[in-house]
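Structure first, then comments.
Chain nomenclature is as follows: A, B, C and D, assigned in order of appearance, with residue numbering initiated at 1 for each chain independently.
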Amino acid sequence: MDYRLELQRALDAARPVLGTGRVADYIPALGAADPHAFGLALATVDGEVHGVGDWETQFSIQSISKLFTLALALASEEALALWHRVGREPSGTPFNSLIQLEAEQGIPRNPFINAGAVVVTDRLLSLTGDAAGAVREFLRAESGNPRLDTDLAVAASEAQHGHRNAALAHFIASYDNLENPVEAVLGHYYAHCAIAASCRDLALAGLFLARHGLRADGSRLLSRSDAKRINAVLLTCGTYDAAGDFAYRVGLPGKSGVGGGILAVVPGRGTLCAWGPALDRAGNSVGAVTALDAFTTNTGWSVF
Amino acid sequence: MDYRLELQRALDAARPVLGTGRVADYIPALGAADPHAFGLALATVDGEVHGVGDWETQFSIQSISKLFTLALALASEEALALWHRVGREPSGTPFNSLIQLEAEQGIPRNPFINAGAVVVTDRLLSLTGDAAGAVREFLRAESGNPRLDTDLAVAASEAQHGHRNAALAHFIASYDNLENPVEAVLGHYYAHCAIAASCRDLALAGLFLARHGLRADGSRLLSRSDAKRINAVLLTCGTYDAAGDFAYRVGLPGKSGVGGGILAVVPGRGTLCAWGPALDRAGNSVGAVTALDAFTTNTGWSVF
Amino acid sequence: MDYRLELQRALDAARPVLGTGRVADYIPALGAADPHAFGLALATVDGEVHGVGDWETQFSIQSISKLFTLALALASEEALALWHRVGREPSGTPFNSLIQLEAEQGIPRNPFINAGAVVVTDRLLSLTGDAAGAVREFLRAESGNPRLDTDLAVAASEAQHGHRNAALAHFIASYDNLENPVEAVLGHYYAHCAIAASCRDLALAGLFLARHGLRADGSRLLSRSDAKRINAVLLTCGTYDAAGDFAYRVGLPGKSGVGGGILAVVPGRGTLCAWGPALDRAGNSVGAVTALDAFTTNTGWSVF
Amino acid sequence: MDYRLELQRALDAARPVLGTGRVADYIPALGAADPHAFGLALATVDGEVHGVGDWETQFSIQSISKLFTLALALASEEALALWHRVGREPSGTPFNSLIQLEAEQGIPRNPFINAGAVVVTDRLLSLTGDAAGAVREFLRAESGNPRLDTDLAVAASEAQHGHRNAALAHFIASYDNLENPVEAVLGHYYAHCAIAASCRDLALAGLFLARHGLRADGSRLLSRSDAKRINAVLLTCGTYDAAGDFAYRVGLPGKSGVGGGILAVVPGRGTLCAWGPALDRAGNSVGAVTALDAFTTNTGWSVF
C-alpha cells in the first residue's frame, strides 16, 4: 500500500465537509480553532510515520487523554479493582450526562464518558501522585516530542467553566467512589485534557495498542489481553454517543475529543490520527470521521 | 491450529460454570431446557465444520434470528431507508425497555433490541410478504438442514405471554413507524424467534458474515461493506446490555438469544456457535460466553 | 354573591384568550371543534345552576370521565384493593408516558394519567360488568339528562388511533396488573372517554364531591373521607402535568380533558365546569383555566 | 373545639407508630435524635397556642426552612422573576435527584426539592445579602424566640457530607441559573436548613400563611394571592415524593423536613407543627403524618 497516496485520498474525501459542524466553544481557547484546519497522520508498527495537511499542528487533545489515563491505570498491578469502580458498557446518553450516573449509583458506565474518566483520573492520582504528569511523560516518551505539554490557559478555562464536571465529581463522591478530594481530581483531569499535541504525536503515542501492549522502547506497558481489551472498550465506547455509528462507518477502535482529534487503532498494523475542529452533534469531528471512513473503506483496514 | 482440540479446551473451560445462572422461564417451553446442556460448533470459510458437546442438539434461536432478519432486509435494494427507521447505537438499557423508545420518538436504538427487531421484521414483511418464511428458508439453505423449522408451540407461547412486545409494537405504531398491522408483524416476529436450530446449523448459516457477504453457494447476499457493517453493529449491540463486556472478554461480533445460544463471527476466518441454556442477568448464556472467551484467548482469534 | 355576574366576569376574562392554543386533533372528531366556543356553568350544593356562553353545548368529556370511573370504583366495597394497583402521586411526566410505568413496574402513578385510568376501568369492569355503562348511567342520573351518551364515532376513532393506549394497556398487562382482556378494557375506556356532555351536565354530575359524597337523590355514594380524598387526588393529579400550576392559579381540585372541559370542585359549596376547545401544551383548555382563575380570584373561592 | 383534647387524641393515635421508620443518619448530628420523641403544636389565627408531648423541644428544621426562604424571596418586589428560574410542579422523583434537573435544563421542578431550594436561596442571597440571616430573623420575630439559631455543628456536618448538594448546585450553575458563587449559596443553604426550632416556634412562624399573608405584628409580608399560592405549592410539592399521599391522608398544605418535623397550614384557621424523628421511605416523619392524619380526620380540618 502507498501510505501517502491513501492519506491524500482520505484528505481529499474530507475536504468538502471541512467547516461543516460546529467548533466547541464552551471555553474561549477552543472556540478560536480554525474550522477548516485538517491533519491526518499514520504510524505503523514497522516504524513508518506519514502525514498530510496540518498533521504537525498542535491541538487540544481533550478526551483523547482518557485513553492514556486508562492504559496507565490498567498498567499498574492493582488494576483489576478499577473495574469495580467503573463499567465498560456503552452509555446511550451524552458524554457529560448525570442521568445514568444516578440510576447506576455512582458507578460510571465506562471510562470514556466524563464521569468515568474522573474515576480513572482519581485512581491514577492515587497510584502515581501526579496523574496529569504521568500522562504527559508517557506522551512525551512515546512521541519523542519533549516539549509536549499542558496548555495552562486551556486548563484554567476548563476549570472556570467546569460546573458540570464539578457536578459529576461531587456526585461520584456522594457515592464514595472517589479516593482523593474533588478539587485535586478535577485539577488533574483538566490538566491532562488540556495537553496540546499534534496528529503525529498522538499517532505515535497510541502505537502501543497496535503493538499489543509494547511501548516504543520495546518494554511492555500492558499484557496482550489488556491491550486487546482496551481496544474493545474503545470500539464500543470511544466516540461518545456515536460509537455504534463510528464502528459502522470506520470499523476501528478509536477515541475522539472535542478539540477535533480522533485517534484510531488498527490492531497489528498501526494507528491513524485525524484532526479537524468542527464537530457533529455527538461531539466528533466531521472531517476526521469522514477521512477515517474513506481511509478504511479504500484500504480495507477494518477489524471486521 | 487443531480446531477440535481448541473446541475441547473451550468446552473444558465452560464446564465448571454450566448450570450457573438462570434458564429463561417466561414461557414454559424455554423453561424446560436442561441447564447443563452445552454445545459448541466451529465453521470455517474453508468449509470445515467441527463441534463438541451437544452441538447438534436443536434449541430455540430466539434473538439470534434478529441477525438474519437484518441481513435479509439489508440485502434488498431499498435497504438504505431502513436506517431512518432504526438506529445503530448501543442502547444502555435492557433489551425490552420502552423508556428509550419514548425518549427517541419511536425510533428504536438498534436492530437487535426487541423494538428494533420489530421494525426490521416489519420491513422484511413488506419486502418479502413472509418475513418468518424468508428467515427459515435462508437458514435451511445455508445450513443444509431442510427440516429446520419454527417450533409452533414456542411461537404460540411467546404470543400468549407477549404483552410487553405487543406494547412495544403498538408504541412504535403510535409513532407511525410500522408499515404492517401490529398483529401481523408480531406473528412473524414470534415465528422467526421460535425457529429451532443447532449450533452446527447456526455456525453454517452465519458464515456469510465471515465470508464478507457471500452465501454458501457462492452468490453474494451483501456487499463487502454491508457485511462489515453488520459485524460492527453485532459487536456494539449484539449481546443485549452487555455488549461492552462481551467485546472486552470475547472480542468478536456476536448475537445472543435467551434460548442460550450465541453466534460469533471471526471475519475472514469463520464462525463459532455456543449454546448453554443458563443465562446471566443480561440475558446471555454463562456457558457460551465462558467458552467463547476461552477459545479467543487461547487462539488469539479476536478482532482486536 | 351574584353568581351570574361572577360567571359573566369570568367569561369576560377568558374572551381575549379564546382560540389561543391548539384544538386536540389526534382524531378527526375532536379536531372539528370550534376553538372560539366557550361555556361556563356553576352548580351549588343548594341546588342552583347557572351558566354563561355555550354552557349547554355538548362536548367530548374525555379524561373528565376518569373522575367518575374512580369514584364509582371506590364506591364499591372492595375499593381499598385499588390503591395497590394504582398510586396517588403526581407523575411529573406527560399523561400518556410509558417511562414512569416501566420504572414503577406496571403500577401507574395515579388514577388520572392514562395508564392509571386503564387500571381503574379494568377494576370497574370487573365490579360492574359494564364500566362505560356504569359511568353513563351515573352521569344521566346526576345531571338529569337522559339522552347523555357515548359518541360512537369518537369512540371508534379513538380506538383506531389508539396505539399508544394499546401500548400502555399491554404494558400494564405484562406486569399482571389487568384482570380483563386488553381489548375489553380498552373498549370500555374509549367508550367512557367519548361520552358527550355539556358544562351544565358535568357541573351537576360532579356535585357529589362538593356534597362530601352525597348524590343528587340524597343517597351516599362515598364516605365523607373518600370524597375528601378524591378531591385531594384531583388537586394533586387532575390536570395532567400542570397540576402544580393549576393549584397555584385556580386553587381548586379539578379534572381536565383534551375535549377542552375542566370540572372543578369547591368543597361544601359547589362545582364549576368550564369548556373551551383550544389547549395549552399540557393539554388543558386555555380558556377554561383563565376563566376559573378569574372566578376564584374574584370570589375568593379557593381551598387555600 | 377543645384544642388540647384534639391534640392529645392525635398524639395517642401517633404513639403506636413512634419509632417506626428510620432516623436520618447521613450526618451524625441528626442520627443522634431519639426515634421515640414526639411533639405536636397548634397555633390559631386568634392567637392561641397549644401543644402536647415534646412540643417545646428544639429539632433541626431542615427542609421546612425552604418554606420560609420561598416566602421571603416572594415578598420582595422582584419576585415574579423567580418563577422563570424554578417551576412549581410536583417532581415525581426523590427530593435530591439530578435526573429531572438534567431533563429540564437546570430549571428545578419546584422550590421544595433541594435543587429548587438552592435556586431560591441564591435569589434570597442576592436580595438580602444574608439569606440564612433573613430566615433566622424572620423565625425569631414570628415565634418570639430570640435565641432561635442555626446549629453550627449541624451546618458544618451538612457541608462536609454535602457532595450531592454540591453536585446539584454546580449542575444548576452549569445552566447559568445561579447568581452567586456555588460555595456562598451552599453556605447559606446549609445554615438555614440547620436552624434548630421547636414545634411551638414553627407553628407560630408559619401563621402568616393561615392569616393570608399577615405577619404576627399585623404587617403584610405577602399579598393574599401570594399566600394562597404558597399554600398551593405546599400542597402539591411540600412533602417530597409523597405529596399526593399527604394530600390524600391529611388534606392540608404542609412542609416536611428530614429532621422529622412537618409544618401544616389550615388556611384561615391556624397551623399545626408535628415532630417525630423516625422517617418513612419518602423522608417524612411517620409519627407526624399519623398525628396530622388523625387530627384532620377527627376535626374535619381539611381544605377539601
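The working rule: contacts are C-beta pairs under 8 Å (C-beta built on N, C-alpha and C of every residue); 3 or more make two chains touch, one makes a residue touch a chain.
Given the structure is predicted, the values throughout are model-derived calculations rather than measurements.
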| item | value |
| --- | --- |
| Both-way neighbours, i.e. chains that touch subunit B and touch subunit A | none |
| Most widely separated chain from subunit C, with each centre as the mean of CA atoms | A |
| Mean-CA-position distance for subunit D and subunit B (Å) | 55 |
| Subunit B and subunit C, separation of their C-alpha mean positions in angstrom | 47 |
| Distance between chain centroids, defined by C-alpha means - subunit C, subunit D (Å) | 32 |
| Contacts with two or more other chains, residues of subunit D listed in rising order | none |
| In the complex with subunit D, residue positions of subunit C that touch it | 87-93, 100, 109-110, 225, 227-229, 231-233, 235-237, 241-245, 247-248, 251, 253, 267, 297, 302-304 |
| Interface residues, subunit A side, partner subunit D - complex | 97-99, 101-103, 163-164, 166-171, 173-174, 182 |
